[in-house]
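You will see two complexes here that share chain A, one where it goes with chain B and one where it goes with chain C.
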Partner chain A sequence: MELRKNYFADQRKDDLHEIGQPRPRSDSPGHVTGKTAYFADRNFPGMLHLKMVRSPYHHARIRSIDTSEAEKHPGVVKILTAKDVPHNVYTILILIQIGPEDETVLADGKVRWKGEAVVAVLAETERAAQEAAAKVKVDYEVLPAVFDMQEALKPGAPIVNEYHGQNYYLYDSGECRKVRFGDVEAGFTSADHILEQSYQSSPIEHAPTETTGCVVVPEGNDRFTCYTNTQAMFFTLDNTSIILQMPGNKLHFVGGTVGGGFGGKVDVIVEPIAILGAKLTGRPVCFIYSREEEMQISSPRAAEKVVIKDGVMNDGRIVARKVTGYTDAGAYSRHSPYGAQKGAGHYPGPYTIPNVWIDTYCVYTNRTPSSAMRGFGVTIGDFALEVQMDKLARLIGMDPLEFRFINAYRDGDMKAHRQPTEGAALIECMQEASRAANWPVAEKYLAMSSYAKGA
Partner chain B sequence: MAIRRGRGVAAINYPTGMNLGGDPTQALVHSTPTGNFMVTLSSVDLGQGMKQIMAQICAETIGVPTDRVVVDTADTDTGPHCMGTFASRGTHRAGNAVIQAAKEARQVMLEVAAEELEVNASDLETDGQGNILVKGAPRKSISIFDVALSAHFKRGRSISGRGMFLIPRSYPEKETGAMKPSTCYAHACTVAEVEVDDETGEVTVLTVKNIFEIGRALNPKMVEQQLVGGSWMGISHALYETTEPYYPNRDHGGTDFNQYLMPGPGDLAETEIIVLERPSADGPYGAKGPGEMCANPQIPAVANAVFDAVGVRVDTLPITPERILRALKAQTGAPN
Partner chain C sequence: MAKVPVQFTLNGAEKAEFVDSGTTLLHALRDKIGDTSPKGGCHQGTCGACSVIIDGELRLSCLTLAETCNGAAITTTSGLSQGGVLHPLQRAFLDAFATQCGFCTPGMIMAAKVLLDQTPNPSRAEVVEALSGNICRCTGYEPIIQAVLTAARSNSQRAA
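Let's turn to the complex of A and B:
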């Protein structure tokens, strides 16, 4: 890595003692010698193991649940179903008033995705819990499922999630989050060329080294200590408090170094049910995702579809950009309404475009619920935007890097969501890329600056 | 049939924080009797090194070496509230809270030192090595060790401080979408070079040159670890990863690291990282949040390089050999 101090030298005083110094990490020796304690390194006498019975269907009604055989399995201590969860229907962003509550801790009458938790089994060993889970009999009536966002949005599509009533998240702005800036149709009319293209992505896995999980200990003072690898301590504690209808002062959450998060450990899935198990049995409980659960059950990055329509001039100026973004939330909201909205605030990318129209939809399907991941609401949008930029440059016969200089935002430029640009540095990054990659651009682009014109 | 070479570029920006939900983080700082400093937080270290960075920020602000600072975090019984470690917010939000707490603690420390030295607190400065000096008369000094002892056992002062950083929630305007979705923005430009085998569809990423503008590299070695890892993740996202390769058929979803495709060491490109620093107006010592941003620009840069190499667009991620071959066949009119 190289630090290029020649850029923005006038905005920086390099007079600090500790900041800017490559101090060795104090936790590194522990990591590389295996001495760092992770939550799962704790083992308590009498600790129970929790395993989930999961839906084999994408969408089904639950006719009945029979746990009698499972209860007789050696080592089984407790079996939990929906009726055991004090506030079973929840949604995590209710803490910032983004409702409605739309998800069950344990399925109640219906499952909406393949893999949904239905019954929790607590046993003396992991193996006993797994074997007993296989003996739980659930009678399902399979329902038609919706797999595709465009199908989900059609009138008459089966309703994925009755708590929403329609297959999209209803924002205060309607069926999507909207950004309107300038007159996009007038922009298209004045453009030399129009290019409309569609981009898609598949869900991907966070793939942390350490899978999601927690270990819960009931303390002598009626409190519960939850050792967890959540990325957000109080967010998880406060949601647990709601789900279990338990005052927050009964809960003590202890985190530490987490073995990788990437956004995959903010969904509050394992802690509430494990604490409930500890409460109802009076014993420590551990609930740790297997690698298979981490990869196929925990929320992935959403599948997205992005449609971009641009109006561009022969001289390289983009005069209008319309973006329609679709985020596949799967069966439940989790963080997806936020991610779709974050996308609306991110388009049209780091370019100054006078006419912009943005609609971002959060769509429900019978797919594994997606949620936050590194680059939430932005990564797939950037893929779409930057491939579109490449196509536009080639359409008008311009060098793709020079084309970006022409449209790059600078300090003071008004963004589509009506914030003036501050602290821009796109131009300088591209200038350095031109040099480092030996990608020549015209001298006038190397003379540009992100500072406001005339500043 | 041939191995074809191409290169592609992408330029991006990335928002710091989650303004659309309201974004608070708090911190406490106090000294031990012998002049070490404790930072108490509830922020989570995901392995990226949050504790180390908070120690350096506290040390810089108080004016002591970093090894005099211990960070106690992620315990809800002791640590004040943090929204969480996500949205590229950890360093920015918690760092600002730590600066505020450390400034308050530093002020008490200087007041106690002033009493011991019989001067005004405003005439004192720290040397960054654990001593407090009178400006212009550096021989008149006292160690922070002695100041802390005095505060605890003689003067009855608590060398401590409270810090809080709150970005109030921004509510998007319904019709226009006017909003303030984040604070500062990090930037990047990536150039990727690839080879594509037009017989097998196989893509080899040869080089990735990343230029990242991150506000301020608070610890350059840790910046490097995060940016290199992010760059690798971007390649993986572009070419390999999916939990549902043949959705809605779920049969081929990976269930372990043997089945879930990711690049191995031999598949990773020669990676170059260049960092620019334009300090942000609102970040701790000018820092921005580059943690998420650094995994994004490689994806479109690789996609554009594949087009440059073989002249077909794959607009669906991941860009697998199968998709490239189908696009090549479609281009020549061959049946897929």
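Let's turn to the complex of A and C:
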């Protein structure tokens, strides 16, 4: 490891004891000896296995559910449907007042995506639970579905989620999150060139090696211990408390050891229903996703579409940027309204542009609900922005790295969402990248600083 | 369901269990015997997290029926350290920052051990090939490869 001390030398302290020093990870000894306890390494006598009956349709009305054959299957202990869940309609971010509650723990009257949980089967063995789940009969009336964000936003499109009433999340700013800065149309008028491009991405699965799950133990005193690989311990505890209408002090969550998360384990999915199963049977319950469920059912990163229109001058200055972003939430909100909002704040990227117009939409479709993943709301936007930057540089015949120096934000610059820039280091990162990648830039760019313009 | 007797040695200790016919070795080790060092990542033979050593050969315990292991000598990662002293591979993984979430680590170490037992001084290409059945989603392959090469060097130094 090398610390370059020539950057920000005035802010540097030399009495640091940890920075620049390799330290052994405290969890590694457990990992290399196989002693680290993941949730599924807990086994309890009498533990039941939970398997989910899932919707085979993208959008359908549930006419009826018949569990009678499944109940007779050897080893079956309990079968749960929507009516067993005390507060069945929830949304994760209600904890920070981002509603409405729009998702069912177990489907009630309707399914809105292929794979949605409908009936939970608890049995003595995983095999018995699986076999009994196959005997649950659900009568569906298939409804028209919409899979494309642009189609979903058209008038007359099938309504995906009645709790919203329209196929987009209604922010306090209206149908999208908006950022307005300067006069973007005047900027385009004054520009030497205009470039408008569309970028889009598909959903991305986190694919952790350890699948999502939990093991719940009733402690015999109305308290439940939940061993879980959630990445969001207290979000999960508080949402479970709401869903099960159970005070938080009845819930003891044990976690922190996650066999790969990447954002894929921040939703509240397995814990409430497993705890309910443990409560209603009085027995330990294990609910662990199969590999197929992990790949098909767990929330992926949202598909996104980003339309960028830029006005650029021949000298390299970007004078106007208009971005319209679309985040495919799938059938339910989960963390997507937040992701789309984050995108609005993130554009126009780490560049200072005097005229900016941003609209970001969170759109509902009959696809698998998307949610958090590594910089969600920002990562796909950055892909689009940086490809756009390369195209703009090519358009005006400028070196792409020098083009970024010209537009890089620096301390004191006002960002489009009106946060003044502080602690910028983009100039210095690009200077070091120029050296490390042997991509020479003109001397004047190497003399620049994030501290002030003209420095 | 009629139970089937299974008897083998696990990390040198005699083990005997009755299991349902068709029970995987992974299930028997984890849920019957209590050795949770082999992990179940896919239960379909694609991720390598459940790797164990059976009679010197690398095996996927999720695709191995317990009842086929009668009389076998089985080694898992939990049995590698002796008297509290880490095996050179464990030490090398620790020193090389070759673990992140740790879920693939026991399987990786099993695959590496079989390689070094059979090929004490492997080339980098041989290490990559030996680990090719083990998925690390945190994408720490490079430190893992370096750890195996380091362990091989420390082994050969000890032997010299």
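What we mean here is this: the second predicted complex is superposed on the first by the 447 of 455 C-alpha atoms of A that agree within 3 Å, B and C clash if a C-alpha of one lies under 4 Å from a C-alpha of the other, contacts with A are read in each partner's own complex, and residues count from 1 in each chain.
Just so we're on the same page, a residue touches a chain if its C-beta (ideal position, glycine included) is under 8 Å from a C-beta of that chain, and two chains touch if they have at least 3 such contacts.
Just so it is clear, the model here is predicted, and its values are computed rather than measured.
**Student:** Looking at A:32, would you say it contacts chain B, chain C, both, or neither? Reply first, second, both or neither.
**Tutor:** second
**Student:** Check the residue A:2 against both partner chains and state whether it touches chain B (first), chain C (second), both, or neither.
**Tutor:** Touch partner of A:2: chain B, not chain C.
**Student:** For A:432 in the superposed arrangement: first (chain B), second (chain C), both or neither?
**Tutor:** The answer is first: A:432 touches chain B but not chain C.
**Student:** A:41 in the overlay: touching chain B, chain C, both, or neither? Say first, second, both or neither.
**Tutor:** It touches chain C, and chain B stays clear.
**Student:** Quick one: chain B or chain C, who's touching more of chain A?
**Tutor:** More residues of chain A are touched by B.
**Student:** Per the contact definition in the header, classify A:207: touching chain B only (first), chain C only (second), both, or neither.
**Tutor:** Touch status of A:207: both partners.
**Student:** Regarding the shared-chain residue A:309, is it in contact with chain B (first), chain C (second), both, or neither?
**Tutor:** Once the two structures are laid over each other on A, A:309 reaches no partner at all.
**Student:** Could you say whether A:400 touches chain B, chain C, both of them, or neither, answering first, second, both or neither?
**Tutor:** First partner only, chain B.
**Student:** For A:54 in the superposed arrangement: first (chain B), second (chain C), both or neither?
**Tutor:** Once the two structures are laid over each other on A, A:54 reaches no partner at all.
**Student:** Under the stated touch criterion, which partner chain does A:73 make contact with: chain B (first), chain C (second), both, or neither?
**Tutor:** The answer is neither, since A:73 touches no partner chain.
**Student:** Take the contacts of chain A with chain B and those with chain C, and give the residues found in both.
**Tutor:** Residues common to the chain A contacts of chain C and of chain B are 22, 24-25, 27, 31, 207, 258-262, 291, listed in rising order.
**Student:** Write out the stretch or stretches of chain C touching chain A in their complex.
**Tutor:** 30-31, 34-44, 46-47, 49, 76-78, 80-81, 86, 89-91, 93-94, 97, 99, 101-106, 109, 135-138
**Student:** Show me the residue ranges of chain B that touch chain A in the complex, using the header's touch definition.
**Tutor:** For chain B paired with chain A, touching residues are 7-15, 18, 20-22, 42, 44-47, 49, 51-52, 55-57, 59-60, 63, 65-67, 73-77, 79, 81-87, 128, 169, 172, 174-182, 184-185, 187-191, 209, 211-213, 215-224, 227-228, 233, 237-238, 241-245, 247-248, 250, 253-257, 260, 262, 272-281, 285-286, 288, 291-293, 295-297, 299-301, 303-304, 307, 313, 315-318.
**Student:** Touching residues of chain A toward chain B in the complex: what are they?
**Tutor:** For chain A paired with chain B, touching residues are 1-5, 7-8, 11-12, 16-27, 31, 58, 93, 96, 98, 114, 147-148, 172-174, 177-181, 197-205, 207, 230-235, 237, 251-263, 266, 291-292, 295-296, 300, 303, 338, 341-342, 344-346, 349-350, 358, 367-368, 372, 374-376, 378-380, 382-387, 389-391, 400-401, 404, 408-409, 416-419, 422-426, 428-430, 432-433, 436-437, 439, 450.
**Student:** Show which residues of chain A lie in contact with chain C when the two form their complex.
**Tutor:** Per the touch definition, chain A meets chain C at residues 22, 24-25, 27-38, 40-41, 43, 206-211, 258-262, 290-291.
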